[in-house]
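I'd like to ask some things about the structure below.
Chain nomenclature is as follows: A, B, C, D, E and F, assigned in order of appearance, with residue numbering initiated at 1 for each chain independently.
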């Protein structure tokens, strides 16, 4: 496939004037949604949504299209390099695709490719993952450390790529790892000031509290809730993971119950998804740190996205307010 | 211990005039609450609440009382035959207890004893338990039947004595069995009209939906929430029971997940304790039958307690209203 | 009007490619909304929404259009056979209509016509209506039966065509009849298990509980809330109907008040529209069956609309969740 | 019955020291509650609450008491002159009653008697009732005036004595008349500033909006909700009254519907009891005046009850706050 | 700039058929939103929303456009006379602008110009402002009058042009003045009937209660919340204004505190923005009049906008209902 | 006054048996409430509540009592040494007081006196106050430091004795200082992990966020809300303090507005008392730390009050749950 075609991101494609009709282009895109449908004449066609981190557009691909088989095979979450010509249908961008090729894993990991497709946590995930491993090793209580390690041996690969949410805080690639790591850092900083909290239990609880999301969210490029996520919810899924590996690690019954309780109660209020109210010092502590870092994560993201001249961000639903993103007046320089 | 003393129930003791001070009496009573405390002079005393189904009264028992050791040994939920004299302390009934003897299991099962101590489901629990067993046997799907049987082999003994709640509907001995059985009857009656519901799955879901309460509630004569009940909640406890026995019975993954989902969602709304919203036909069906029978259970109890001449019951919190308990005008006799 | 033109349903019209511009077509459509407006130049034009059960589109019809008079005369809810050519306006389908003829009643009842225009209850309405009549006849209490019959003599014709809601459960033609009938079936199935409920009163209450909707909703092909519906609400309208016919049938005051109470309280909570909380056994019973069948109606409709390969439906607002529509794994065949 | 015994109000009886035991007294009291009960020995006794506007006390009256028959005959809401001796039972005042005689209607209307028994609206009810009649006569629209007059011909006698609530605003004798009159005054004062409101309709709506309370509340000396009040609610009862007399007065359908709508919607929000949301200019207007005068009624009552030195009242539930009852600093005298 | 081009309002521009493409037009428009953005090729362009009171449309203006500098200089809230040709982009009206000139203040005040651009209070603002001044002068208490005058000396110019809200009641030019004046009229009409309310304090409270909005809302032609509005809210801003001028006028501490309290509590409930609950007679009174006039303002606006043949308005969010705008049947003419 | 009488705390007085009637005792007590009332015979008497940190009792003191003048003079919050004899009135402890003497300031500060009267923060207030001063000095920004110092120069004396709440978290002497200090410690620990937060602004915000409570709460031994507290609320009072001293310290407008905003928004949600939603990084950060430390304060207090053998505390309203106070199983000792 020739590479010389101009490569467009979706925001640019959408910014083209109608006079661009017929213009050739190339793009690297994720298949965000794909559904095979049957027209009233019996023919099968694909209803596809293609996008990158700057936006997405829908198109209908009929059985006789040259890209039909490639898109169908790639499936939701697949990444394809497409070539086509700009067209409009019913007033919306609806390019006519002439070629499509799925990207191999190796191509995906080329510098910049992924970043162009999805929003990614600002800290490098390799470094975060190493810090994470150090945190696990630092747990002093043997069975607790084995429990945590057991869980991440099982779901760690998914965990480190998963977003922390579909639409709320830390809703981007590696967001779950980032949010959990930030909570662990906050926890360690606060522990000296809350001596009634058992350090190992609180930290283990933080590391495990959202692990159910690695099962609840499916797909890292086109995230949606999985069947297990809908039918059980991440709170119960995470509880089940901790229970399984706690028993395997012969964690004493008292600690296991307290660890499970942190996971079951971390959402704070039943209407936000908690199975029970937090009823141990560690569970109260973890749920409040979760709250704090979730809100600060929204602040951090809004600051990253703010233009230099913006005074306020858009209204952030999680804060019920726009955020003042303008920098503070620098303090006077004292000579 | 002489039997000739007049036996009083608590309501009668409380109805005595102050002129009754000094009068000897005997009563059979449950120890509803018992806490050992230390006075500022270093002496230990017991703060005890004694009662039967008609009421309760508190009394303080000092170390030199002849009943100190018996009450302490019997503990919360113990049943004692006491003898004493009517006295008043700070204007409240506060009998001076002279003798106390704990009742043996055999004495408790003598006709009428239990009924005098706690409210009991109106249907006989033996018959209900047999009907329950028949319902389990009638499950056609082998692994599902084994799953349900496994759960009741583990917790059945507690289940059949447990109330369905501490303060809301079916809040009396065998209430959990009664409520579950009534739901099963309603389910079987409705199934022909809702063919989209899988009969075996719905019925198994009903039989198991509240089994976590057999763990959440502790004590059958003096009920309170257990540690596991507070830290995990009956929804998660019941889910865990079903999961354990479903895996043991090699129930297929699809059915197990649907069965677990019925339990996780039966409370209807997250703020009422559901872990997730009902998302299968069977889960919606079971949660609505639960609702229906819970409300009708409040109606039935108010009707049982209504006097012949009462028009309305007291306000029932679960209905947000008093209930019209007066019978309907009999229809005219058509000759 | 020549019949040889290809007949399109709205979904097909919308699926056409822009290259179809100018193509001739015919369609049978309902006038969903019609408003006469005056342009700033003083000319009158019609703002019309035309549709069938697969969708709808808006168009503006000026005074010199050949279909102006026909559409104006047919009015909202009228059904017209139109011919025209495919065109697009501002990127949206906006056909140029050349001919229009209103369908006579007889044409509407031709097989398949109505089904193509509006969603219709899956059970045949003739059979449902007959079963309904049998249910009324089966009421043993004479005055109660006369009351119910009186109401349906007055509003039955509208009732049997009306949807049970504009946007929530059973929101389709005959939905009100279907929902009421399903509730009656459920009621009869449950009555043996709730002996404290008066069968005649409960059944009469169910048959009448939603009759106010036959007045609240106006138009069977293009439903909207009527003036009386907005100013009084279906609860009060239904109560008024029952009261009028109860008095006419000389129903005794006790029963009439209980019957009225079922209607006034069936919505459950004041914020959902109940005038009072349910305060009789029959009123509690009916409101819970209403709840149950409303939810199961949403389940049934989602299952009917599910594709064979779909795992979940869209999120159903009434359930706050998507529904798992995938069939259960068939049980193993036991030889 | 000798009159020379010292007459006590309840507040004084309760303020007596225990050394007063055995002291003879007389009181005029309302029977606030009366229930005939059967002791476990088969004897009947009365559980009675006696009180005046300064408080109340309970006592149990056995079959052999000299006042048993008199109290039973007088019933709830009856007013009795009692004589007895001060006694205490279980630390609470529990006088031994020796004589009781029911007061005749004439005695009740003697100056000061009623005022000592119940809280009464501060304005004289005769004058209020005359002003009320003038307001009705001032309605210009004939059929509307006849409608309003018809309603008050039916329920006026009860209306003018009824409280406007059991526990919230204007909860005292003539409170319903007072609140309605105050709303009518406010309405007439505001009408010139809201010309879009039809004066006759708004005023008729105000006069009738709460008439259902004359049926919902039963008893003027011992108020409770009647059976019709519980089963239908004052909104529907008032609507029914207006409808009946509107039809009788041949009020045109448009006005009748708007009048009914004012009543159905005046509670503002469904969760506060409105059957529908206010949807006409008059209904919005009336519901806001209702709100305003209800709140100001709470203010007026708290000011009447405030001591000269009090700064704040107790917390008023209807305002979610204590009220500052201290007078404003008088303005400086300008010479 | 030649004036002979046909002048279009936005509603007319949007009503043009696509065949109008290329047609020349002129319009007077407000710049509702204007953001300078940088394309991925480094070029700057403006994303602009232009509109009048009948609607608005967006367009993108590139650096080489003849109107680029004019629009950029005029900025948000600027009013421009534009000439251009009708074009469509992606199916939406997207005129190609050829000329633009900002209107001078004098041109803006030409008859009818402003009225065509924004919705304006129906009463003349000059007359309202004079009546307002009279109201201030009529305050008898000297320091109170000085306080109020001080506030309006500071913010009066903005106040009289400001809307009372961005999206709710009185959300149009002079709406804040109109709403405050209407409240003052209602207050004066009601004062004789609520003698417990201090007239001067209540009236001063009304005049000042919403003055913070003159700071919270920025721009009279393109209104948005200011930085101070977002960070402090109009309740605190208005409180601060009253406090500043009250201290300056040497208002006694008692009155100042009560005046501040009216402002702090006028929103009624904390979740609607009140800093505290109303706890003085005047504060309760003012908050209820605010409520009443806000609702009636919605009614008045819906009536103004209603067509002669409309029966109901659209659903009004502030009333949770459509409003019946049809006139009442005229009363019969009595000869 | 002889000192040899046995000294009782309230809990001990209440634990006495009725046989103790007539026993002489002495106690040091706070006057929690005191109201002068007039009996119907015209005599004045005091209605008094006396208590220490273990409980309280009410008594009525008539004009001829030997303690009448002393109690009246001491007033609410006064501390008195009383002598009397145990008596019961209407079944409740109602000692007959024979002597009373108010304690001088010096006597109050004798070791253990205060601790016996009110609950006191566990950390020494002198040390906390010194740490507080160091925190202020550590603020780098000059005007910010001057602002904070200015506020504490004005209200510091009250601040350091005040509770942080009447009924919720840190509701005890020095609780406000303790809670603010704990928040400051948590803030400093977290700052390195949230670099987007301005350290000086966040810390100054924390130090000042609750200073309004030093005005809202009145009396350190018998706390109640002051007039300013009820009419303005601590949020506005604290904002006013910061504004006054910020202006005095010539703090730049940007920082002052951000500082005020932290105070106005720290309660999180308007229904919890926030004037606006947090809209700056520092405001979000401070409100979340406030939340965290408030909850942990409840945990700490419940742990302090727990008996060695208790498993759970009572239900804590702020946590909606009882707290597991039992210590964690000690980890196994690894040799």
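Here is the rule we go by: a contact is a pair of C-beta atoms (placed from the backbone, for glycine too) under 8 Å apart; a residue touches a chain by one contact, two chains touch by 3 or more.
Just so you know, these numbers come straight off a predicted model, no measurement behind them.
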(request) Determine the set of chains touching chain A that also touch chain D. (result) B, C, E, F
(message) Of the chain pairs E-F and C-E, which one is connected by the greater count of C-beta contacts?
(response) E-F
(request) For chain B and chain C, let me know how many angstrom lie between their CA-based centres, rounded off. (result) 44
(message) With centres defined as the mean C-alpha position, give me the chain A-chain E separation in Å.
(response) 42
(message) If I count partner chains per residue in chain F, which residues reach a count of at least 2?
(response) 88, 90-92, 227, 230-231, 258, 276, 279-280, 312, 321-322, 324
(request) Give the pairs of chains that touch; include all such pairs. (result) A-B, A-C, A-E, A-F, B-C, B-D, B-F, C-D, C-E, D-E, D-F, E-F
(request) Sort out for me which residues of chain F touch chain A in the complex. (result) 140-142, 182, 185-186, 189-190, 192-194, 196, 198, 200-201, 252, 254-255, 258, 276-281, 284-285, 288-289, 291-292, 295-296, 298-300, 303, 312, 319-324, 328-329, 331-332, 334
(message) For a test of understanding, state which residues of chain A touch chain E in their complex under the given definition.
(response) 9, 11-12, 15, 17-18, 88, 90-93, 311-312, 321-322, 324
(request) Provide the residue numbers of chain E that touch chain F in the complex, in ascending order. (result) 227-228, 230-233, 235-236, 239-240, 243, 257-258, 260-261, 264, 269-273, 275-276, 279-280
(message) Give the list of chain E residues in touch with chain A in this complex.
(response) 39-40, 88-92, 227, 230-231
